[in-house]
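Scrolling down, you'll hit the structures one after another.
In what follows, chain A forms one complex with chain B and a second complex with chain C.
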Partner chain A sequence: MNFWEKMEKMDRRWVYLMVGLSVILPFIFPLDLPISITPEAQSVFDEVEKIPDGSTVMLVFDYYPSTIAECEPMAIAALHHFFRKNCKVITLSNIPLGGPSMAEAVTRDMAEKYNKVYGVDFVNLGYKYGYVAVLSGMGQSIKSIFPTDNSGTPLEELPLMTNVPNYDSVAFIFEIADNATADYWVSIVYAQYGVPMVCGTTAVSAPKYYSFVASGQFKGLLGGMKGAAEYEQLVGHNAAAVTGMSAQSLVHLLIIFLVILGNISFFLGRKGHKKELV
Partner chain B sequence: MTGIELFQLWLMAFVTLALFSFMYKDNPIYRIAEHIFAGLTAGYQVGLIWDTVILQQLWNPMIDGEWWLFIPGILGFLMFTRFSQKFSWISRMSLAFVMGVTAGIFIISQLHGLVLPQMQDTMIARTSVDKTVELPMTLQSESIFIVDSTTDMALLDSLYPEVKRIDKANPEEYIFSATYTEPSDKGMLEYYAPICSLIGVQDTTIKKEIAAMEVHDDNGIELTTNSDGTITATYSYSSFEKFNSGLYQPKIAVKKMSIMLILSIIIVIGVVSTLIYFYFSHEHVGALGVTAKVGIWFIMISFGAHFGYTVMGRVSLLIGRVQFLVEDWVGSFNQLF
Partner chain C sequence: MRTTVPVLIAFISGIVLVVSFFFRKGTWLGDLEQEFTVWLTIVGGFTLLLGVVSITRVNWTAVKRKKEGWKYKILTLIAIFAMAIPSVLSPDWSPLFGRAEGSIYDWLFQYQMSPMMATMFATLAFYIASAAFRAFRARSLEATLLLVTATLIMLWRIPMGEWFLNLFPGDIPYLLNTYIMGGINMAVQRGIIIGAALGAASMSLRIILGIERTYMGKG
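What follows is the complex of A and B.
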């Protein structure tokens, strides 16, 4: 059995091991690989910069805990950006599993760093079942959909929410999603109420949303960990996404190498098989 | 780190490693972790919906006097008749209601929010901005002061007696208007588009700080060519809810746009040929077959882009878990050993 035949019959667990090592090693021996900024990520930064200081914004945590690695760095960077501009941040989630608690944990942690007060500078509305009804209903009255915040406090008792009856008082929406809820923010909220919005999404969903950026329905887009790393750089708070990009680049190189190796092995194997038949 | 937090951290690490163990081969530890995950997910979701829907949106408002909510409550309860063969037909009433409401909301939102804007964007020519230039302009609009309940009107009258006021709560229409001569350096696929802006003036006497705001892009601006060859751009604005109170000056600039003809053609060919590939009412031969084959190429390129992004996404998930194991879990060793 020659080298190429061995390659063709290689146990897949060797590939898992190589991928595992490529991910672990950059955390032990950091590589400082450059990260280029795409126009879509630059637009996200520019759009947030354009919001007048002190405006009310919505940050939507529409992602499951399974995609924290891609989505949470976007949320953290967005909160840095918003709190730095003294924006009032309303968080909510259309994801039952973990959405509201992730919004609570991340926002409170960031608010502490910027000395922001709950109820005055930020509010977590939590989760409500049925995103289509939720998104439509908030256009009429946020209070009718969320009578209380995530911890059960009535909205009348939160000073921030007394000035925000519906989308008319929201200057900007930052949607972070790992699923199709981003479509509904566009088709219901942007189309009917015209609130400017940007989207941070997982790499798997990103190709779909480029057309929304081209049509101007999203003003900018962050795609996966790469998008999160770009935004972290633009905001000036390099964190988990920038650190993770070294591992990401190394695994991509490994995958490209394995794809080339697999193809050579396949074509040489087919050639040998044809000779045998002759 | 408290004892409870340390226990949570180790439990998370155990479950992560238990799930990773499947990569070597199926084993009981992996199955335990998988079943715990499925059970927790179902239990959490039932509890959450009970609290946020049944209690918050049905039971509590009914107790507080909104008795008519018993109607959707009964409709929801009727869904359980599906468990009985004899009475399952009753659940169709609830389903019909859900379908009617969903169709009503979706038809409009999908058509106006997704289908039409995407179709429109496919058909208009792609453009790129070459440069934005400040031309000599005759501005016919005056500065404005946006007033809200916090504005000190006496101070405003003394500082800016002549400036037009616009009340945020009850705004009147404000018209931008400027006349300019378009530069002659544009090529065949180039044009100049105006940008209207309201620029906030920083005046700490009356208001702390006002950020510069670009009001609008090149959409909705009316252009009139005058008899002397000059162009007058007019734009009316009446939505001031998102503005901070303060003094604003109007400004109009122009940007030079290039029509990216080749990219626009590729997009139209891609969309049309891909749609034709999915037209199955006629055999794919002749011109239809060639177009469908072009469509397959576009579909394959799209799949390639999706595959690349999917690989990146899946690797990111692994990176997230490894980041947790290396930084948090291994980092906690010094607290134990």
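What follows is the complex of A and C.
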């Protein structure tokens, strides 16, 4: 068995070890790599900048805890951006599995840093079953869909919500999703009510949403951890996504290296096998 | 009766939602859409409850009969009720109840469920690396095209890769974003989205008209 044949039959545990080291080492020895800004991420930043200070905006936590690494940095950067502009933030989720809890934890933490008051500067509506009905129903009356907020407080008791009966009072929507709910924000809310919106999504989902960006239905797009890192840089708060890019860089390079190695060993191994047959 | 009533409900609900879309809000038909939407969220809430009842029955039966893996099913049952019961109890009784910060539900979510789900998802990276090494071969023209495109996009999405691509003449990162992501990818995605939308529309019409009855467990 020659070297390339051995390579082709390499135990997968070596691969796992290499991936593990590629993830861990950059956190111990950060690489501090320059991150370029794509036009789609720049558009997200520019669109938020365009919102008049003090406007009411929606930040939607449509992602599962499994994609926190990619999506949460987007939410944190968006909250920095919104609170800096003194925007009133309404959060909600169409994900039953922890969406409202993630919104609650992230928003309260950020609000504390900006001295924002619950009920006046931000509100968490929580979760309601049936995203199509929820998105459609809020167009006429948010209160009819969410009679109370996430902790059960009636909306009449929250000063922010008394001024926001439906989408007409919402200046902007920032949708962060790791699933197809983003499609429904476009097809129901943007198409019927014309509220400007941007989307932050996982790297796997991002290719799908390029068509919505090109058509102007999403004003901008953040794709995966790279998109989150770009937005963090634009907002001026480098955090988890910028740090995570070093690990992602090494893992991507490792996978490319393994693919090349796998192909070389495949072709050389096949050549050797043919020679043996001759 | 068991077939006619659901078909009738589906027909009326579907027709009302389609027709009311074309009427202004404030008119009787326009407002009916909102009424139906609220009903949908309420009915949906009950389906979640039905899900809990169903999973409890299935797991409890397996535990009683000591079927294979019954010990794990006990864990499933404990997990369901440990999260569900404190979250529905009033926080007025104790700060441990409800879903606010510091509650049992919040603690279990933040420190148990969330890390476990993230770990499960992160494990994929290991399998993807191993699978890429073993299966991603340039065996045909199509596979080679896929391999080259994937490699270029992976390089473009990381700072080191972008730096490497910029060593070559021509703005390769710009070309990848414009022609691969904003060109070929977008055209294909649009085809898929439009195809799926047409499929969903035709399926909806079949359900409204009572042609499609598989949702009732009938062919």
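We take it that the second predicted complex is superposed on the first by the 278 of 278 C-alpha atoms of A that agree within 3 Å, B and C clash if a C-alpha of one lies under 4 Å from a C-alpha of the other, contacts with A are read in each partner's own complex, and residues count from 1 in each chain.
The criterion applied here is as follows: a contact is a pair of C-beta atoms (placed from the backbone, for glycine too) under 8 Å apart; a residue touches a chain by one contact, two chains touch by 3 or more.
On a predicted model such as this, the values are computed, not experimentally measured, just so you know.
Superposition note: with chain A as the common reference, chain B and chain C are in steric clash. Using the contact criterion defined above for the overlaid structures, shared-chain residue A:Ser101 touches chain C, although it does not reach chain B.
In the superposition on chain A, A:Ser151 makes contact with chain C only, while chain B stays out of contact range.
By the touch criterion defined above, A:Ser55 reaches chain B but does not reach chain C.
When both complexes are overlaid on chain A, the residue A:Gln217 reaches chain B alone and has no touch with chain C. Of the two partner chains placed by superposition, A:Leu268 touches none, neither chain B nor chain C.
Within the superposed three-chain model, A:Tyr16 lies in touch with chain B and with chain C [touch as defined at top]. Of the two partner chains placed by the overlay, only chain C lies in contact with A:Leu253; chain B stays clear of it. By the touch criterion defined above, A:Pro207 lies against chain B and chain C together after alignment on the C-alpha atoms of chain A. In the superposition on chain A, contact is made by A:Ser141 with chain C only, not with chain B. In the superposition on chain A, the residues of chain A contacting both chain B and chain C are 16, 19-20, 23, 66-69, 96-97, 128-130, 132-133, 136, 183, 203, 207, 211, 214, 223-224, 226, 248, 251-252, 255.
The touching residues of chain B, when paired with chain A in their complex, are 23-24, 41, 44-45, 48-49, 52-53, 56-57, 102, 105-106, 109-110, 112-114, 117-118, 120-121, 126, 200, 209-211, 213-214, 241-244, 302, 305-306, 309-323, 326-327. Chain contact summary for the complex, chain C toward chain A: residues 25, 31, 33-34, 37-38, 40-41, 44-45, 47-48, 91, 98-101, 105-106, 109-110, 113-114, 117-118, 120-122, 125-126, 128-130, 132-134, 136-138, 147, 151, 154-155, 157-163, 173, 177, 181-182, 185-186, 189-190, 192-193.
The part of chain A that touches chain C in the complex is made up of residues 10, 12, 15-16, 18-20, 23, 33-36, 38-39, 64-69, 96-98, 100-102, 104-105, 108, 128-130, 132-134, 136-137, 140-141, 144-145, 150-152, 183, 203, 207-208, 210-211, 214, 223-224, 226, 245, 248-249, 251-256, 258-259, 261-263, 266.
Across the interface of their complex, chain B is touched by residues 13, 16, 19-20, 23-24, 27-28, 50-55, 66-70, 96-97, 126-130, 132-133, 136, 147-148, 168-169, 171, 183-184, 186-188, 190-192, 202-204, 206-207, 211, 214-217, 223-226, 240, 243-244, 247-248, 251-252, 255 of chain A.
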